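The chains carry the letters A, B, C, D, E and F, assigned in the order they are written, with residues numbered from 1 in each.
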Amino acid sequence: MYFHLQRLINPIEQDEPDPAAANALQEGLGGQFGEMRTMMQYLFQSINFRGPEAKPYKDLLQGIGTEEIGHVELIGTTIARLLDGSPRYRGDSDDPVDEPGAGGAVPLNIALSEGNIHHYLVGAQGALPVDAAGNPWSGSYVYNSGNLVLDLLYNLMLESTGRLQKCRIYEMTANKTARSTISYLIVRDQAHENAYAKALETLGVNWRTALPIPKTNADRFPEVKRLLDLGLQSTQYSFDLDDQSEAGRIFQGLSPSGDGTMLDASQQAPEGTPITIAPERREEFSPGADAELTALIAATAEMEMADMEATFGRL
Amino acid sequence: MYFHLQRLINPIEQDEPDPAAANALQEGLGGQFGEMRTMMQYLFQSINFRGPEAKPYKDLLQGIGTEEIGHVELIGTTIARLLDGSPRYRGDSDDPVDEPGAGGAVPLNIALSEGNIHHYLVGAQGALPVDAAGNPWSGSYVYNSGNLVLDLLYNLMLESTGRLQKCRIYEMTANKTARSTISYLIVRDQAHENAYAKALETLGVNWRTALPIPKTNADRFPEVKRLLDLGLQSTQYSFDLDDQSEAGRIFQGLSPSGDGTMLDASQQAPEGTPITIAPERREEFSPGADAELTALIAATAEMEMADMEATFGRL
Amino acid sequence: MYFHLQRLINPIEQDEPDPAAANALQEGLGGQFGEMRTMMQYLFQSINFRGPEAKPYKDLLQGIGTEEIGHVELIGTTIARLLDGSPRYRGDSDDPVDEPGAGGAVPLNIALSEGNIHHYLVGAQGALPVDAAGNPWSGSYVYNSGNLVLDLLYNLMLESTGRLQKCRIYEMTANKTARSTISYLIVRDQAHENAYAKALETLGVNWRTALPIPKTNADRFPEVKRLLDLGLQSTQYSFDLDDQSEAGRIFQGLSPSGDGTMLDASQQAPEGTPITIAPERREEFSPGADAELTALIAATAEMEMADMEATFGRL
Amino acid sequence: MYFHLQRLINPIEQDEPDPAAANALQEGLGGQFGEMRTMMQYLFQSINFRGPEAKPYKDLLQGIGTEEIGHVELIGTTIARLLDGSPRYRGDSDDPVDEPGAGGAVPLNIALSEGNIHHYLVGAQGALPVDAAGNPWSGSYVYNSGNLVLDLLYNLMLESTGRLQKCRIYEMTANKTARSTISYLIVRDQAHENAYAKALETLGVNWRTALPIPKTNADRFPEVKRLLDLGLQSTQYSFDLDDQSEAGRIFQGLSPSGDGTMLDASQQAPEGTPITIAPERREEFSPGADAELTALIAATAEMEMADMEATFGRL
Amino acid sequence: MYFHLQRLINPIEQDEPDPAAANALQEGLGGQFGEMRTMMQYLFQSINFRGPEAKPYKDLLQGIGTEEIGHVELIGTTIARLLDGSPRYRGDSDDPVDEPGAGGAVPLNIALSEGNIHHYLVGAQGALPVDAAGNPWSGSYVYNSGNLVLDLLYNLMLESTGRLQKCRIYEMTANKTARSTISYLIVRDQAHENAYAKALETLGVNWRTALPIPKTNADRFPEVKRLLDLGLQSTQYSFDLDDQSEAGRIFQGLSPSGDGTMLDASQQAPEGTPITIAPERREEFSPGADAELTALIAATAEMEMADMEATFGRL
Amino acid sequence: MYFHLQRLINPIEQDEPDPAAANALQEGLGGQFGEMRTMMQYLFQSINFRGPEAKPYKDLLQGIGTEEIGHVELIGTTIARLLDGSPRYRGDSDDPVDEPGAGGAVPLNIALSEGNIHHYLVGAQGALPVDAAGNPWSGSYVYNSGNLVLDLLYNLMLESTGRLQKCRIYEMTANKTARSTISYLIVRDQAHENAYAKALETLGVNWRTALPIPKTNADRFPEVKRLLDLGLQSTQYSFDLDDQSEAGRIFQGLSPSGDGTMLDASQQAPEGTPITIAPERREEFSPGADAELTALIAATAEMEMADMEATFGRL
């Protein structure tokens, strides 16, 4: 059973809208090695897990899988922010030209030349479950052989590939909104690399100098370095409400990445940051609840209440 | 940010393995109208939500979406149990013929004639992210137009179709393991139908006698009736950790299904039931951590500790 | 612009339900070489056609394409009939056990072992836009290179492959419902083979003894022979309402299949046969308009009428 | 059985080629909520329809479905016109450089930077069965649950989403060719919204102020307003050749969109406009029948005639 | 550049046709971890390879990739043999009933109940590029990150998973035709596991007791044991015509599988076994060149010769 | 069984990187009518071939299929060269800014605006198994009906379509690297057109003036003309190592393309040209074996040797 906390797992920096960067980040959300895939893969591996004596491994999968749901939330929100308002349409104005399409205006013409046209046509300047080339996410991505060593080996490769791709995305844009999330995920992917590498060490492998993959875990990317200095690459949260996780029996000792840090699984979750709600976008015919709607809600509730009183007497 | 509780959202009854029923249930997990889809659709709708004044609608989507992750866990576990042990291979025996394939044995020949061969060949008698015809789940299923009325209308149709399909699955098998989960989901789908129908009522629609869809909400299916009598079709949990959900401003008053019940959104979550871990299956080469492995884990930990002491001195 | 006539292009014989045969016929509907594909391919080739002086070729494509929509209707209806009632559930009975699922009954358990489970789970014993292995139809099947010779060559190959597959389906089942439609389509595919072969003859190819493909156009299949004796393989209808088709400038002269017949494009359409409507199926929760519903329709109409009279005065 | 009339359902305005707009319109043709989908969905719902007493509903589906084939023809032709000639290659010139590729020319280099490269590489400046992001149309889009209320609810949502997306496309381009078709389809989608909303009203729902979706049915888009003033949003044609449609029993009374108009189902079809044939495009190696080819056709016909006379005597 | 030798890489044993086993083997051909995938993955990795000083790694990929083309040929031929003749139709008989479909016969009715219906309907009792659940092979399977360590790690996981799946297939059938090929591929997959494991050892990993995966490399499967005794798991061929491969610089020393054998890369290729051609199957309308056809070939050749002599004089 | 020769089938000219041209060429590699498809289609047709007396046809398919593997290698390498270095990142510099991403640099920002972003994000400036619109290659492309005439007819159409598309790509770019390969494949596609046309002639068809398709086989494209003058369109290699191919019994006589040349199947293979290895690209984290790595390889080998000597004594 899962619970939600109305906080983002990491803060997102403010910057200008950037639909091309948004599209690159889609690979990290809906791509073959993105967050939807890690999330689903670990949830399936946890559901289908075998071996009552191997609970620490199941708990490790469960904990990382639960974190990945929060990563889907984080990168999805980041993409939405990079898109939000990118057509520069002033929907809050009183100018009649500001009505979408009024008088022959073309407030969405940016859609024809930037990133993925579906961001404006199918969605309303929001994230989509597709990769950066527009391919929808597929269940065929999920790997769960049922053989513990193979599943862990795949997971290590998966996290390393995700990290490699995010390092490449980092090099594609200097937008701060994009980079704040990408940098965080680069470091968390390394934490997960460490987790699976450590689990494989307990099953017989010695990684020596092979980790991390790719060979960059420090000062090259300033935003990443800041997080590494906090030790986020060597921390694994449980996200477990009743504190029953035994993942700490695996995620302990020296980091297999060879950076000299000690692995730490003692925390339940990071602090997080509040979630805000995006404004409505008239040019997308995407209204939320305006004054008129709020009045309707109140009126409906009152009417119901009156109905019920009529039926059941004064409540 | 998400958290996990090591409890299943509803208990699963014990019965014999039944791979054909397991395959039918795959539609409810990875099908176009199954739990993976509702989960992803609501999470995307919540992430991309617009309208700061419309928070109760976002909270409703977020709450149901979070519940759906637990439904994925529930139906996935149910499928795994229906498959587990279906080849009737006695892996715990001392009989040498009982080694998988030894002496030319064919312990997995059931795979050629039952349900989906991938349940034995790609997975290890576990759930897959595919539908009952073997099609992998696709991101193209997710609907999120950004127009609140349309999104709610789609969600109502989605829950009703999910409920329709589960009513059909109910009629395909009498296996108790399958039915305990299917019946629970039929009732919860109705609760979600009620939630979206109520939300649309606040936006102007009057459903009169149209709900529920399909027209069965009571005594025809005994397992379903038992849950309806508990009022589960009129209850919506928040699954919200800090109690910030405003969904109760919508999910209140008389049920739009016309069964005379009052909608209730006052609970955080159901109690749940403990999760157990499946046994290893040698014929799938799917071992967990046996005695030998457990020893390895301990030894590795000790070795690390020794290494560290050598490096850093007594800890 | 298109019009519909409430008649099937060819009569369907009565026989027992046969879900396995229904599934085989799905290849002829939604398969890579089925009727949905020929229909879409010719409509696209007609829409994108180039060359004002080449109108007879466009008209030929348009005429065959229009016929194929009727073939989709024919084979879809045939599949629906082969499925309809296959669970042998007596929905018209007064027996309470006859309510779907009542008392734990499993009226749809046939779905677990016959043909495609989606026929009962996703559809309600009706045709689906998929092939015999369950793959959904794809727009990537449509071929339209824009080079007239290539398009005609592809179309000839397409019709021949469709005919080959239908000959194989003929050999898979003796069900009369299935065979009456399959036999008709075998002969019509040959007529279309002839049409494209003739068009290629006008552009330079001499087929000599190569046609028809496959080498069976006569007496081996009794149901097919009957239709060949009527000359249906050498007839092409225009389906053109204002009689503007010039396809007859191509579809004339000796048949390229070498059976000694003359091609004839003088008719607008076959006579057809009335369409009937299938009964409702309670076990699928698939009701049509019963007495109660009919009353509702009448009541609604009257109410509207009254409203309008109140508004506009007596009409 | 279907028939074709060599007239487009609505005229297309002339304007400059515009491949980016052409690509946006692909969503309306081959997208998940485009015309190929509505067409196929309604044809399948009509084929699989249940309930002899519910014929008016079947006739409504059949009539709208038949109209959608004409919409596929209309939007496909519009896309083809937007693409036709966009490389600005003067194929009718005598300049030897004007031969495609001659002397190293690159007449198709526009393909590398505009819209979808397949418009020039796979097709010959013509429409494709794909969406605006290049995904091929899929049979998995078709929804046909067999439950009448659900099917109608889905159809209402489908038309509303199609209309929403077309409103967004309207805002992406001011090209007159694109807008003349988009505006027409916006209004026709509303007519279909009305049709399904009305059908649901007869089954119990009261839409009150919820329709139309999205909330724009009038004067914002000038091209749309002109068509609304003609009442096209409240008219439904039968496209039924023998006048057997009973759809008018449903499509009558006050419009559920609340614009005060009366629904009218008394006409068989609109008048339409003649279809023209596009010129050949040498740079695509896409010839039609030029003088040389026409001569070939004549010669072949004569040769055949001579053969036949030799065989059968003077005809 | 590639060359072909008309010999199969390993002999296939004779046994009865077995369409269910054929279908299981499709996973090994067209599945996500089958031979088409390994072949394509290694060919792409070799084509895109970076690092002039890393040629031994490229040569290793190229050598294994070239072997995999031969594996596609081997397992494809095995599937074709398992299917060939499975309908038990005596096509060589003089009995008129033996003509396919004659007199209403149904020689292909086996297709409705065995394995994948496409084996009889789309193919003619031959192998298909699909997996055991009927999903077509996809280019999205190919992994080629461009990071050498990651590519090797993925390849190790890929071969291990292929081997795991083949061990499971072994346990599904006792058919000798199926097992002779499956056993060979189990052993060759282990050789490739060793190759990639060794390559990773040179880059820093120490596998200790982790290999092979899964933990079975010997005597459990008799057919496998025979090949292990020949040392096939520790041999890698170059398949390199001019002997320029440097893969032996990597594939040397003690096997990382810990079986005490020494790796040997000194041979160019195995000896192989002759390829035979399958008989024609009339019930599939799948003729080869019979006497009549052979005569045609000869006649055509003579005619051409005569033409040429007429044109050019005596040759 | 297959062998590889470390030579490319045709030389690739040097020119500047050009990612847009690279993307267009992807259609020729992973498109529906590209080299991966011809390769797979002919290999499957050869594997499933029927008719011991029809060996020349099988040998023709096998020979062309083997050539196509070399074409995959050629066009894949061409794409990789067009991409290689396109970000203009000077990875060999000592400038610290030259470290990828260092100091906030964005060396890969070209990826957001050119061709397919996956070329930089998923691959490392290398070829992908996708088409020019980014769709992954699919096994559903492979056609193998088992009817010899149909298979040959399809192959003729396939080669002609491939040639048509390559003629269009030729017209999209003047880049010499792209054109050298495209021109070669245009001519080889014509050779294969001739092969299948000739095979169909032996089975009864007379092509007269219909070939080649499209109607350009000579002087329009200078690079193509040069190869035609060498007669490459009328030559077919066997690629058969033991000289057992009988394809020359078919590929002989006058070319069906009507250019007056004689078909020649006497050669085993072209001479080819050496393969070079691309440099490493740091900005992609795509290292090969640098000095450090080479040292590691040597050290590892020595260590192993020492281990073995310790175990087995001096070797």
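Definition applied: a residue touches a chain if its C-beta (ideal position, glycine included) is under 8 Å from a C-beta of that chain, and two chains touch if they have at least 3 such contacts.
Keep in mind the model is a prediction, meaning the values are calculated, not measured.
**Student:** Starting at chain D, how many touching-chain steps does it take at least to reach chain E?
**Tutor:** Between chain D and chain E, the shortest chain-hopping route counts 2.
**Student:** Of the other chains, whose C-alpha centre is the longest way from the centre of chain A?
**Tutor:** C
**Student:** Have a look at C-D, A-D or A-E and name the one that copies the B-C interface, over half of its contact pairs being the same.
**Tutor:** Looking at which residue pairs coincide with B-C, the repeat is A-D.
**Student:** Same or different for chain A and chain E, when you check if over half of the residue numbers at their contact belong to both copies?
**Tutor:** Homomeric contact, same residues on both sides for the most part.
**Student:** Quick one: which chain's Cα centre is the longest way from chain D's?
**Tutor:** E
**Student:** Which integer distance in Å separates the CA centroid of chain A from that of chain F?
**Tutor:** It comes to 39 Å between the two C-alpha centres.
**Student:** Can you give the whole-Å distance between the Cα centres of chain A and chain C?
**Tutor:** 46
**Student:** Show the residues in chain C shared as contacts by 2 or more other chains, in ascending order.
**Tutor:** Touching at least two other chains: 32, 122, 130, 134-136, 138, 140, 145, 147, 164, 203-204, 214, 284-285, 287.
**Student:** Have a look at which chains touch which and call the overall pattern line, ring, star, complete or other.
**Tutor:** Topology of the interface graph: other, matching no listed pattern.
**Student:** Among the chains present, which pairs are found to touch?
**Tutor:** A-B, A-D, A-E, A-F, B-C, B-D, B-E, C-D, C-E, C-F, D-F, E-F
**Student:** Taking the touch rule as given, give the residues of chain B at its contact with chain D in the complex, in rising order.
**Tutor:** 32, 135, 138, 140, 145, 147, 149-150, 153-154, 156-157, 160-161, 164, 200, 203-210, 213-214
**Student:** Given the complex with chain F, which residues does chain A contribute to the contact?
**Tutor:** My answer: residues 20-21, 23-24, 27, 31-32, 132-135, 164-165, 167-174, 214-216, 220-222.
**Student:** With touch defined as at the start, can you tell me which chain D residues reach chain F in the complex?
**Tutor:** Touch list, chain D to chain F: 99-109, 111-113, 116-118, 120-122, 130, 134-136, 283-285, 287.
**Student:** How about chain B: which of its residues touch chain A in the complex?
**Tutor:** 1-9, 30, 36, 40, 43-44, 47-58, 62-63, 66-67, 69-70, 72-73, 76-77, 80, 122-130, 136-140, 142, 144-148, 201-204, 239-242, 244-245, 249-250, 252-254, 262, 269-270, 272, 276-281, 284-291, 293-294, 296-297, 300-301, 304-305, 307-308
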